Structures are given as structure tokens and as C-alpha cells.
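The structure follows.
A, B and C label the chains in the order they appear, each numbered from 1.
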Amino acid sequence: MSARDGIMRRLRAGLEGSQPRPDEFDATLVTRTWRYDSTEARVERLTRLLEAVHTEVHRTTQGDWPQRLYEQLRTRGIPNLLFAPETPHGSQLSKAWEVNGSEIHLTPWDGPIEEWKETLFNDVSASLTGSVGGIAATGTLAIWPDRHEPRLMSLVPPLHIALLKASTIADNLYDLMQTQDWASGMPTNLLLVSGPSKTADIEQVLAYGAHGPKELITLILEDA
Amino acid sequence: MTQSIPVTNLDGDFKTRARHALDDAQLRNNFRTAMDGLMHKREQAFSDPQEREDLRDLGNRIRARALSQLPDLLDQLEQRLTANGVRVHWAETTEEANEIVHRLIEAQEGRQVVKGKSMVSEEMELNDYLAERDIECLESDLGEYTVQLDHEKPSHIIMPAIHKNARQVARLFQEKLGGELSDDIHELVGTGRQILRQKFMEADVGVSGVNFAVAETGTLVLVENEGNGRMSTTVPPVHIAVTGIEKVVANLRDVVPLLSLLTRSALGQPITTYINMISGPRKDDERDGPREVHLVLLDNGRSRAFADAQLRQTLNCIRCGACMNHCPVYTRVGGHTYGEVYPGPIGKILTPHLVGLDRVPDHPSASSLCGACGDVCPVKIPIPELLQRLREENVRHPEDSEAAVAGAGSRYSNREQLIWRGWQWLNTHPRIYRLFLWGVTRLRRLQPARLRPWTDYRSAPTPAARSLHEQARNHMRSKS
Amino acid sequence: MTDLFYDASPNATRIVQSNKAGREYPEKPDRVVLFGTCVVDLFFPEAGMDAIRLLEHQGIQVDFPQNQSCCGQPAWTSGYREQAESVARAQLALLDTGTPVVVPSGSCAGMIRHHYPGLFNHEPQTRDRALRVAENTFELTEFLLNVCRVRLQDRGRHRQVALHTSCTARREMQTHHHARGLLAQLSGVTRVDHDHESECCGFGGTFCVRMPDISGAMVADKTQSLSQSGADELISADCGCLLNINGAMNRQNLNLKGRHIASFLWERCQEGS
């Protein structure tokens, strides 16, 4: 008998004569406490919670964000930015920066990870990705990697910048996954990100920049 | 790295290890401070007690529903994962699980493995197994990395290195990794980051655990703060997840309350930095992520615990560690005293199913049944009730065919049986009982001053001059 | 307790019922039965007598069946179910009279109220009896506060007291609320908190002799926090804990001694105390 058969047989024997329990899921228990009555309230809550975990939040607009981002990166002395030219925000960024004569090098993701792993780990200073939504209740960004913006874009570079459209901020996780109907088709990897990587494993002292980004900047596009 | 890691750090039985731990002032202080902090954080994270209780109730029902259809959900999980391109493997024992993982690594000719935090891999003692086969399996969670450097085991399921303070970690890092001695925590974290990022890049295979396996979508949900879990599951070309068969939940929606319960109960956080939901390997047109994803489903005694409806509740556990944070015994003796992978109250009720009750016969007794664990459990496992059940299993006759736990009956003793029978006789024969009271109260001055082990820490109690039975009888008589 | 109504199969996956609804209390009765408990019987009989006096003071006639012994908890928590069942069955036969049962110990009251019915799942008739008795069993402070609805007249000097509540008493019988409620009625008494107040004192029945070192460490921490609390006096509604804490305080020559809340309340209500 295979391991699978043995395990399944014992589990089924354990349940013999009993019924599956009814589904008593009560969505109000995961939504009631986490309701906010306007986009402004959601933006405020998300901002407050993200800031509490060492994240910089800037409120900007569809038109202005490339400039705001540029200023932020210049202040930090960032030499290059990993971005996805094929995305709408990627192309907007490269156009805007080109016009203004950018001194920050824009790096596209170049081929499969195996071909440039070392460069990604050692030379990329910052990255920009979009997001599919936010969660006000917990101060969270939902990131849905794809071929244009691979999984590691939001993980390996020491500084990660995420764009978040204010209108896509849901009250809570339950609302977000229901309105976007995640269950009908999950991507290979879906991420909820709430701040830069952190650890409290040594004496419970909080330290940012454990293995992933040391810093996270969120640009909230208020008119989108 | 071929040095094998001992299963336990201290010799002797539970009580001997407890004695050592109780005498270690630094250890006592490290745990007390940490547990006080964690209790406080949890309390703040659940500021509305009604919301907390409603959510615990929901968590309990969700886990019970999943268990009530566990084989069907496992079937569904396997089908969905397979459709998503994830390969599913089944293991009855830790040995089988290790063989599967080893075979998969060998297929890649892998020599370097990085591992995200996984308690099931601790059950398997995977690091040792692979080290013996010349494969380096490196822990990447900073706490796990620290205990691995010191050839130790985790002392807490969420905070593996909680038994060490910064100075102890600093000395360890200096000794093992060289460099300047610094007990600045940020510098220590920086050192770990630097070393481990190199390892992530080089690794042939990444191993991780799973917090929730979603049957509906075929999704593995991993919860973490550090990013090492994402690194381990995303950078290497092959990802192997190992988990217990009980970790499955019906659907994505069910994860929402469990996630909230988990992060708030464990660390008092509304959510962790990363919730990593993996539903498949890299697609043809994708440019990163592992090319292969495997899931190893491990039984290791779980299906036996499952067979008993009362003990089945043990499998509700979502591994938050709140029970240990609130346990007055754990707080005083620390995780290593338990001598096994899972310490604290959950360890006491889970370990007997994994290794046999006869290997951990002191586990059920090492509790005052104060109930703090059951009170805080986010999925309402009745831990005190289960401890008591295991005490019954412990003192069963070894040949009793109704034993529900492997290794039951190892604490059966004719002497104890006799004592309790005597106690029963005394308490069911009222005249004898009253005679006993009369005798003890009259002879109270003859009682020895030392009644070990009670008097090791306390004065001997002196019986009253007249029992309540006598006093009450006289009182009633005087009134009538 | 399990939800037997949903799926009666012994294999049914269980949930833990939430204990949301508070207990409904009857009118004050004319008579009660006092179940004294074995520890009170032998070590703290004055607590039992003061409980009787407090109840009589409320105009209630108190019966003390001479055939009572122990509730069975020690065997039950030690894994000796058969012995616990036998002792519990004997008490049930005495207590199933329809008269309310008052217990000057939260954990023993909890044993009768919450665990007796489950002990007899396999014996429907005894189980019914256990359910009747459970429904009619009250811990002393609960009974004074919620059934007698006492209004205590404090006649004593000002005192600062620390209150220790047994863990099972708190969790199963909410004894901390009831004891605090009674103390709050005493104008001359200030209740002081002590560090880690809700933490176990280390008694735990047979735990204190099976795991003496751990229990010893727990009670040492408890006595330390009590002695640093600034309390003049320690009171508790559970004599098991008192046996443990008093034993340790005596051993450490601390100037504090605990006594049962019944004795404390009765004393406060006397002239010139």
C-alpha cells in the first residue's frame, strides 16, 4: 500500500459514520471591525499603519508620481532603478524621466533570473512595481507578479517602491479577495506586503532589512 | 557542514532538564522578559475582547470543518496542486519524508539547500539527514540560523532563539563567523543578511514549510516577516514544501480569519510583513520563480491522533505559539527542557502522537492545568482537557487494547493504582472517611515536619484541631 | 462541551462551545447544602464554618450532609477516571435533592458544575442526575453576590488586601469577578493588585508533588509578588492555592498569611473587628 493510501484509509476510518461539519463562515466577523467610510479614510488608515512599520508613504497623482519618485531617489543618491518597461506605469516613467534628463539609470528585468541573478542581487539599488490593491485594515499592499514584473522585483533590491491606486484600497482582506475574485484564478505567486522585511528574532528587538528590502516607499495615486 | 545537531541540548529526563533551566538565572530572565512582552503585544492586538472571542470561535469552527472532511480536502488539494503544476508526495514517516526530499535534491545534483522556517522539517531532522549525505541545509530565518550555528534546536516555535540575549548571539557570531564582537542587534542582523543573501543566490533547492494549504485553489500560504521564506521559495530553481497533513483548509476565504488569528496571537501584529501565496511553479512565459514546486505531505502519527475525536482537536493547531507565551511552566523552564521539537502546551499534547507517549511520559504531568493555554488558543484547542486525557492514557494498563495513543501505559504503576484505589475507598465510605478525619485531626502534632517533595519549598501544612465535619455537626446540634 | 446536537457519531469532529450567555440565578432559597470540600475539611474548617455563618446570616438554613467527602477532582486530574467516577457518584447521590449546593471552593464547584456530567456520558441516568446537580451548584462568592444579593456592612478597620484566585475557579466559575464584587462592598477595604496576578500559584493538585521544582519556582514568584504588593492580608476563595501559598510564605518567614474569603468577610461584618 502506498503512503497515500495508508494515510487516507486511516483518515476515512476515523470519520466513519460522521458528517462533514456545516460551513458556518460569518463574513461579518472579518469585516465588521474593519470598515472605513471613504477613500480618504482608507488612505489615512493604510498610511498610518504602513508608517508604523517603517514605510514611507507619499500621496501623489497619476501625472506627478514619476517626478516625486525621482526626487525621492535623488535624495537617497540611488544610481539605478529596476522597472518593467512593458507596463503602463513603466512606460510612463521612462518617458517622463527621459524628458527631464534623468541621472538615474533605468534597468529593465533582463531575461530569465538565471541569466542575471548576480547583477540583481549585487548591483540593483531599487525597484518599482505596481500593485493590484491595498488593504486599509492592516496597511497592506497586494502584489500580483507576472512576466513583466517578476516575483523577485519586490524582494531583492534594498529599496522597493510600490505604486498604489487609492481607488483600489479595500477595507479589509476579505473584501479585496472577494471583489477581485481571487479564488477563480490565482497567479503562480500572490503577495501581501506590509512594510520592508523585518526581524525581531534577537531579543525581540525590531530590526528592518532582514533579508528583503530595507526600505519600502509607497506612492499612493489619489486620482486613480 | 557535516556536524550533526543533537536532538536535545541537555541530558537526563524532563525533570532534570527543568532543574537545570530553573537554576539558570539568565535563561529565566530571557524567557520571562520575552513572554511578558509577547503576552502584552497579543493583548493590545486584540483590544476588543468580544471581537477576539467571536474570531476564536470562527477559527475553531473553520479548523473543525476542515478536519471533518480532511481526506476529501486532501484529495482536492492534490488535484488542484497537480493541475497547477505542483507535484504532491505523501510520507507516512519522517524517514519517508526525508527520502523523498533527498531524492528530489539528488535529481538536481543539488549540494546546497536553503530552508525557510519549518517545524515539520524539524520533526524530520532534515538538516541532519541531509548533512549526513553531504548536502548543506542551511536555516535562513535569523533565529533558526542562530540556533543552527550553535548546534541547538529552536526553543520556541515562532522565536527560535528567544533563549539567547543579544550578547550571547554576538559572542556566537564572533566565534563562528569571525569579525568584530558587536552586540548591536542591527549589526548582527546585517551580518546574517549578508551571509544569507549569498546563500540564497547559490542554493540549488529551497525548502519551506506551509502555514495553510488551500484545497479550493491549490495554494500554499506562507507567513513571515523576514523575507527569507520568499527568498527560499523563489530564488532556487526547485522549491520543496513540507507540511503536516492537517494543514489543509477548504478555501481561500477561510484563510482570512485564521491569518488574523495567527499573526495577532503569535506576535501581536495585525499582519506579518509577507503573506506569500504560492499556487504553482514558474510558467513558460514567466522570468523567475522555481521551475519545480513539490509538496511533501507528512503524517508522522497525525492520522492516529485523528482517529480519536477528542484527540483530533490537537490538529486544529495553526502554530502561533500563544500557548507557550502564556504558559507559567514554559516561561520558567524554556523550550529546551521539553527535549522535543514542539515545546510548551502544544508540544505536550502533540509530541506524544509524533514520538509515542512512552518517550515523553512527563509531558502530560508538567502542567498545573491552569488553563492559560486553552484560554488564548486562537482555534480553541481544549489543551487542559487533552492533557488530562493523556494523563489517563499514561496510567492505563499497558495491555489495555483501548489505548488511543502509541506508547500509552508507560506510567502504569501498581503502587499508584493502589494509592488511588485506597483514596477511592476512603472517599466512598463515609464512616471510614469521618474516622480518618478524626484520627488525622487528633494526631496532627505527630505529623512529620518534612513531607517531601512538598516541604522542599513549603512548610508542612498542619491539619486543623477539629474537621469541618465535626464542627458543622456540633454547630447544627447546638442550633436544633 | 461538544455539540452533540449536530452529529451524534462518536467520530464527529468537535468544536468547543462558546460560553457566551451568563448564568441565570434563582431567587434566594430557604435552605442550601454546603459541600465543604476535602481541603477545607481538614485544613481550613474555619472557612467552612464562616461560610455557614455568612449563609445563616442571610436567613438561610444550611445543611451539611455528614456523608460527603471529596469531589473527586484529584483522581480526575491525575488520569484516574474510574476512581474519580466512583467518588463523584457517591457525592451525586447525596447532592441530588433539589436543594442548591454551595461550595466554598471555585475549582471544586467547577468540577461539579462543569465536569460531573461529562464523567457519566456512558451512564445516562447518572448523567441526568449530574446535570441536575450541576445546574444547582454555586461557588460561595457567586452565591452570596448573585443569589443572596448581599449588601455587606463593613465594620472593620482599613485594610489593604491582595486577592488570589485559583485558575480553574476563575476560568470555570468567574470567581475573580464575584470575589471582587464582594470586596468592593466593604468600605474599609482596598484591593491592591499584585504582579502577574492572574498567573498560576503553582499548586495544580498533584502537579505540586509531581513537578516539585517547577511548582516551587512558581510559588516563589507568587509569594514575592504578593509580598511586594503592599497588601496587609491575602485572601482567596480557594484553599488548595492557600495551602500552597501559605506553606511557601511560612517557609520564607514572610509576614503575610492568606485566609479564605469567607473568614475575612465574616470577620469584617462583626462589631469591633
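Here is the rule we use: contacts are C-beta pairs under 8 Å (C-beta built on N, C-alpha and C of every residue); 3 or more make two chains touch, one makes a residue touch a chain.
A quick map from chain label to UniProt name: A = L-lactate dehydrogenase complex protein LldG; B = L-lactate dehydrogenase complex protein LldF; C = L-lactate dehydrogenase complex protein LldE.
If you're wondering where the values come from, they're calculated on a predicted model, not measured in any experiment.
Distance from each chain's C-alpha mean to the overall C-alpha mean is smallest for B.
Between A-C and A-B, more contacting C-beta pairs join the chains of A-B.
As a whole-number value, the distance joining the C-alpha centres of chain A and chain B reads 31 Å.
Between the CA-based centres of chain A and chain C the separation comes to 53 Å, rounded to the whole angstrom.
Annotation for chain A: residues 14-15, 18-19, 21-22 touch two or more other chains.
The set of chain C residues touching two or more other chains comprises 10-13, 15. Shared interface positions of chain B, defined as residues touching 2 or more other chains, are 61, 64-65, 68, 312. Chain B makes touch with chain C in their complex at residues 15, 18-19, 22, 53, 57, 60-61, 64-65, 67-68, 309-310, 312-313, 328-329, 332-333, 362, 364-372, 375, 380, 382, 388, 390-395, 420-421, 423-424, 426-428, 430, 433-434, 437, 440-441, 453-464, 466-473, 475-476.
Residues 30, 34, 37-38, 48, 51, 54-55, 58, 61-62, 64-65, 68-72, 74-75, 84, 90-92, 96, 140-143, 146, 159-162, 164-166, 169, 185-186, 188-190, 192-193, 196-197, 200-201, 216-219, 225-228, 230-231, 234-235, 237, 245, 250-254, 256-257, 259-260, 267, 270-283, 285-289, 297, 299, 303-304, 306-308, 312 of chain B are the ones touching chain A in the complex. Taken in their complex, chain A has these residues touching chain C: 14-19, 21-22. Within the complex formed with chain B, the residues of chain A that make contact are 2-4, 6-8, 10-15, 18-27, 29-30, 33, 49, 53, 109, 111-114, 117-118, 121, 135, 137-140, 146-147, 150-152, 155, 172-174, 177-178, 182-183, 186-205, 207, 209-213. Interface residues of chain C, counted against chain B in their complex, comprise 10-16, 18, 20, 34, 36, 38, 40-46, 48-49, 52, 63-64, 66-70, 72, 74-81, 83, 86-87, 90, 167-168, 171, 199-200, 202-221, 243-244, 246-248, 250-251.
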